[in-house]
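Okay, so here's the structure we're looking at.
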Amino acid sequence: MKKLEVIIKSFKLDDVKEGLSAIGIKGLTVSEVKGFGRQRGHKEIYRGAEYQVDFVPKIKLEVVMETELVNEAVKVILDKATTGQIGDGKIFILPVDEVIRIRTGEKGKNAI
Amino acid sequence: MKKLEVIIKSFKLDDVKEGLSAIGIKGLTVSEVKGFGRQRGHKEIYRGAEYQVDFVPKIKLEVVMETELVNEAVKVILDKATTGQIGDGKIFILPVDEVIRIRTGEKGKNAI
Amino acid sequence: MKKLEVIIKSFKLDDVKEGLSAIGIKGLTVSEVKGFGRQRGHKEIYRGAEYQVDFVPKIKLEVVMETELVNEAVKVILDKATTGQIGDGKIFILPVDEVIRIRTGEKGKNAI
Amino acid sequence: MNAGDTVFVLLSAALVMFMTPGLALFYGGLVRNKNVLGTIMQSFILLGLITLEWVMIGYSMSFGPDIGGIIGNLDWFALSGVGMEPSESYGTTIPHLAFMIFQCMFAIITPALITGAFAERIKFSAFILFSLLWAILVYNPLCHWAWGGGWMGKMGALDFAGGTVVHISSGAAAFIAALVTGKRKGFGITQYIPHNLPMAITGAALLWFGWFGFNAGSALSCSGLAANAFVVTHISASAAALAWVSAEWIHSGKPTTLGAASGAVAGLVAITPACGYVGPVSAIIIGLVAGALCFCGVMLKSRFGYDDSLDVVGIHGLGGIWGALATGLFASVAINPAGANGLFFGNPGQLWIQFISVIGTIAFSFFMTFIILKVVDLIIGLRVSIEDEERGLDISLHNETGYN
Amino acid sequence: MNAGDTVFVLLSAALVMFMTPGLALFYGGLVRNKNVLGTIMQSFILLGLITLEWVMIGYSMSFGPDIGGIIGNLDWFALSGVGMEPSESYGTTIPHLAFMIFQCMFAIITPALITGAFAERIKFSAFILFSLLWAILVYNPLCHWAWGGGWMGKMGALDFAGGTVVHISSGAAAFIAALVTGKRKGFGITQYIPHNLPMAITGAALLWFGWFGFNAGSALSCSGLAANAFVVTHISASAAALAWVSAEWIHSGKPTTLGAASGAVAGLVAITPACGYVGPVSAIIIGLVAGALCFCGVMLKSRFGYDDSLDVVGIHGLGGIWGALATGLFASVAINPAGANGLFFGNPGQLWIQFISVIGTIAFSFFMTFIILKVVDLIIGLRVSIEDEERGLDISLHNETGYN
Amino acid sequence: MNAGDTVFVLLSAALVMFMTPGLALFYGGLVRNKNVLGTIMQSFILLGLITLEWVMIGYSMSFGPDIGGIIGNLDWFALSGVGMEPSESYGTTIPHLAFMIFQCMFAIITPALITGAFAERIKFSAFILFSLLWAILVYNPLCHWAWGGGWMGKMGALDFAGGTVVHISSGAAAFIAALVTGKRKGFGITQYIPHNLPMAITGAALLWFGWFGFNAGSALSCSGLAANAFVVTHISASAAALAWVSAEWIHSGKPTTLGAASGAVAGLVAITPACGYVGPVSAIIIGLVAGALCFCGVMLKSRFGYDDSLDVVGIHGLGGIWGALATGLFASVAINPAGANGLFFGNPGQLWIQFISVIGTIAFSFFMTFIILKVVDLIIGLRVSIEDEERGLDISLHNETGYN
């Protein structure tokens, strides 16, 4: 099993969620984060005062899935989340040892 | 060492925290997330306007622990966080390579 | 590749960010969390009412990097985030299988 | 001239002015986080825009020398002749300027009410043009008809503080605006839950507070009649808040704060035309019916499938119609000798007159609003792009975010 | 009838009405996120509930023809006979309706004050029944005793704007209510930190603003006495805010915004009975003592181990008692010839009278509140289930959340 | 004595009092989350601090018997001789206490305005000492000069409601304070984005609302002149809001809510000295220029590289100067026979007088503020430690956090 941690632009959340649902992803977890990446570092002026944009609001998705699904999921995310502009985000794939559904105590694939 | 990422219902936080403390867990990290799982997808009406419930507020716990503790911790979480109703959440177990305590620079078991 | 999950005191964010930038870290993701650790548990009085301090606001950094960079990054973090007082936080190092940049679809080192 | 009356009208004007920021908070709290500023802005900027319109031409069109019962002429352009002395016809114990500015606040809040119908999706430029045209082409004539010597007032229609002029006109316009603007992206699927209910309830409280100026101030002199208007205003708001909350309690087991706030507003709307003609017991009935009726209106909305985002039709439209008709039922010359009796006091004719005024207002507002929207759509386009709608008006139109 | 006085009382009524939403924000900001709406609702809905109670029977019970110094009879049921003409006994230069509605706002906020004592844990239905019974069985009699021709007023007790009627009565009720309702889950362990202090401070500012109407308006005519009441109100609030903040500074090194706000409220409470009888210098002393005293009261709370969640006892109870006694110390016929001198102006008897009125109010409120709570507990049950308490009142009782 | 005038001044005082919490929200919304309470506190505590200062000595220094056109003597120490009867010189139809408390509210808000300049970095103790000294050594003399029988008033300078006394004085002080205090940590790099714009806009709305009391109330009697002041105040705010937003729209394509709010404040500032002397059409021009001018001032700020955090100089300084000069341009005895004509009405001399008053105010405020800051820096130190600045004033100075 793998965990995908996906950083995307906030307004792409609905599209990505739909896309992942469509390929059979049954659950995911979303949080609000601030991102610091290539998109940062330029100067902006707000009310006549200069500052540097360092952190940009992003959405982080966490999805655990069977290893077989990963490739398809990545494809879907690339498809839905890309705008082609800097700051589109990243996908990180991490290994997962075990998943347990709290309600039933089920483990492994059934629990995802 | 392992990391448990646990998604639970918000109001179960205190109980789970107490439970984990009781078996010797010394630290954990909590964040507010929105969950999308089996609990989603039903229609609700708010002030006469229909909509679909997709995301439900949840609490995410992150706890790093020695591998030996994992089974007990899982048992405690199942015990404390289950309501038996949909949306009780999940436990994800991930491998951890190393832990470092910032204050002292200690590594490994001592740092947990 | 490795992922560092770093829990620090909120007001250390800027320093740690500068430090990591200086050693060539190009991106990171920040979120607000609540920490429960050694720092907790003491009694405080607020307006004449006693309570126990359990959760303290913390900042969580997530940084994915090449394995070679990890030691240096840890050193920088220890350097910048330590106050020597309880509650300075932790560094957790997790394995990462793959990284993908959404904008370009690049994988591996280039995507970090 | 009377110092007491002047204080009364000036401070009432201040209270009515305060309602527009109140509305901004009420509406702003009900939209999603990403649209809070865009929504607040739509009310706030009207303070600027309509004030200038009113001072330049609006006041003259509304209250200036009558042309055929239809509209005022432009003799009072840029307030020429409107000075510190009392006017001959309006508020004869207070400076003419005081009457003018009191009425100005009504002209501002009326188009602001409409913004609830197309919240979260309209271009700011289109909104500005729409509001300006609407103020000139809908509000000013209607105001003239009811209060400025126009046909409606002459016919004997009773509207003490703006049931037709303010609430029915904006409610009807909201209906058309919701239809013409179309639904928000994700309508029927996305959860448009209020992002900040304490803010919305604060806004409703400001409205309630300001409404004392709106209704009692409309007496233009601080007499027993003003006290009566004040009292029935408070009673109706109270009764309607209770009625709405009770209806919710019965309907779903959960009385809500937004229900209490909405009910209060519904009660305030309904008593507006009646407050100078009815007594406290009538006010209880008017309020109870208003709360229950508007609750039903809002709940039935989904049946019709149009997206009146913040329920302007259900509250101001329905509540306004009920209030105008209720005035025809409960009005009594015992309360106001300058008024008339309603059906329950032996004069069924008044109900008919009220009915005509309701129909006239709705028809006129429907028609004109439709034309104006179509024109604005042609010139500028009403809606933001789908991407801007997704990102939210705050960032896409105003380059700001509410909370950081 | 006097237009100036009428404006004064009507707009004062509006200001006092505004205090209830102000209290909603003050209390709402102090509770936890999950209870913000439930808390706001408890104040807001009383605007509806008590208004109807007052209009139907409350006003008549409080101010109607006296029965044995104990209570008014129901001659004025549903405001019959209460009209646009001045009353014979109350506010003889203003419409009777104006006096009635001004007093209505006092009747609303008093039970709302109590809600701070059982915040975050009481059933909405139980709260509604409790408040209704309390208004009828505690507020109305007390109001009659002090102002409606009852024994307390006849005895010569001075209470210009509601020290006993409003603050001591609600403070005493809060004490009993906190005891009978019991502690919140996790008391002594869980961190009940205010979820939104800017909201709480905004609420306190609204209270301060509205209090000008509360105190100065109680003069019922806009004279030098009203100006004096206005001035000493402002001074006492200021002095008490400074005193509380200074006490904190000395005690813990950290002056807090909540301290400043609480201090201001304490000063406003304390000056309430005195404001028509004392001058500015006395007001400074009254305020300074109020701030320091209530700070100590709140800090000592933990010693007693009961859960008066938002410090109603420490602020309204203690502050009210101090204010009533201070009136017996500082009152001066130089300020108000219709009043009396206090101890410091040569009349120790007045302090004794004030003392009796304090004891009488506390005893009556204790006893009645206890009975009412027990009855409500029997019929409905006071507390929400432990699970609902954990999930918060907002979602469990009202099916809403404050922020999304 | 006149009841109508008394109501007017007392309720205006209440409105002006309300502006200080309004300012607290305006400023509080504009700072970062971690400083919201520290910022709110700086306004709120001045309600306490300056009230006592004013009652003890400030009122006497400002309005007491004149000493050489420079300052009032201390005959009215602790309000001795200031009672319920009208004064001989100020507001002769209202209780002297009413005039005193109305002026008290002006004395409070003026130092509160300055706090925007050193927001997010100053010690609370230093702030308290600074504000107290500033009130005594800068505000009281300036107030005396303009209104208390001092040289500026005698010279014939027109300042109806506080253009020099309140806005130029605080704007000039803000300039010096920003320089002396130094920049915030991270200036030019860190993103100091407002943490809560709805709060800031609510604050601006409260300011607008309260400003009716500020400006119209300054007529001290509720006459045609008060109505005129009320009307031009509203018009100028509206015009300036539109002008600012339009300037932004042209400049960057994005009209902002903060721009609308800032514009409104700029317009209110500019009309303040003029409101009793100019008519509605002049007010439109004054407002439009104010909005555009202050927008430019704020945008050019970065050129100078000093950190006037919340734009006190750009709005109150610039707007105040423009307003004072505009009074010298647009004043007309047709509006106020007790005033004078300005340049556009044939009297160029008035512009010169206004110019002198502006220069005098700036010079005095610059000089005194500088000295006071240096003294406070010596005794206490102005700035918090760098670590406290990073953690935020809320937690480091007040041991509280805004939101939990």
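Think of it as A, B, C, D, E and F in the order they're written, each chain with its own count starting at 1.
Here is the rule we use: a contact is a pair of C-beta atoms (placed from the backbone, for glycine too) under 8 Å apart; a residue touches a chain by one contact, two chains touch by 3 or more.
In this text, all values refer to a predicted model and were calculated from it rather than measured experimentally.
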| item | value |
| --- | --- |
| Joint neighbours of chain F and chain D, given as chain labels | A, E |
| Length of the shortest touching-chain route, chain C through to chain D | 2 |
| Chain whose average C-alpha position is farthest from chain F's own | B |
| Same-interface partner of C-E, chosen from the options A-D, B-E or B-D, over half of the pairs matching | B-D |
| Between C-E and A-D, the pair with more C-beta contacts | C-E |
| Most distant chain from chain A by Cα centroid | E |
| Interface composition of copies chain A and chain B: same or different, split at half | different |
| Chain A and chain F, separation of their C-alpha mean positions in angstrom | 49 |
| Separation of chain C from chain F, taking each centre as the mean of its C-alpha atoms, in whole Å | 45 |
| Averaged-CA centre spacing for the pair chain C and chain B, given as whole angstrom | 19 |
| Touching two or more other chains - residue numbers and ranges from chain D | 2-5, 7, 11, 190, 193, 196, 258 |
| Residues of chain C touching at least two other chains | 31, 54-55, 94-95 |
| Every chain pair in contact, whichever chains are involved | A-B, A-C, A-D, A-F, B-C, B-D, B-E, C-E, C-F, D-E, D-F, E-F |
| In the complex, chain A residues that touch chain B | 3, 17, 26-31, 62, 64, 94-103, 105, 111 |
| Chain E to chain B touching residues, read off their complex | 186, 190, 387, 390-392 |
| Of all residues in chain D, those that touch chain F in their complex | 1-7, 10-11, 13-14, 17-18, 21, 24-25, 28, 36-37, 40-41, 44-45, 47-49, 51-52, 55, 78-79, 83-85, 94-95, 97-98, 100-101, 104, 124, 196, 199, 397-404 |
| Complex contact set, residues of chain B against chain E | 10-11, 14 |
| Contact footprint of chain B on chain C as seen in their complex | 2, 5-8, 31-38, 54-55, 58, 60, 74, 77-78, 81-95 |
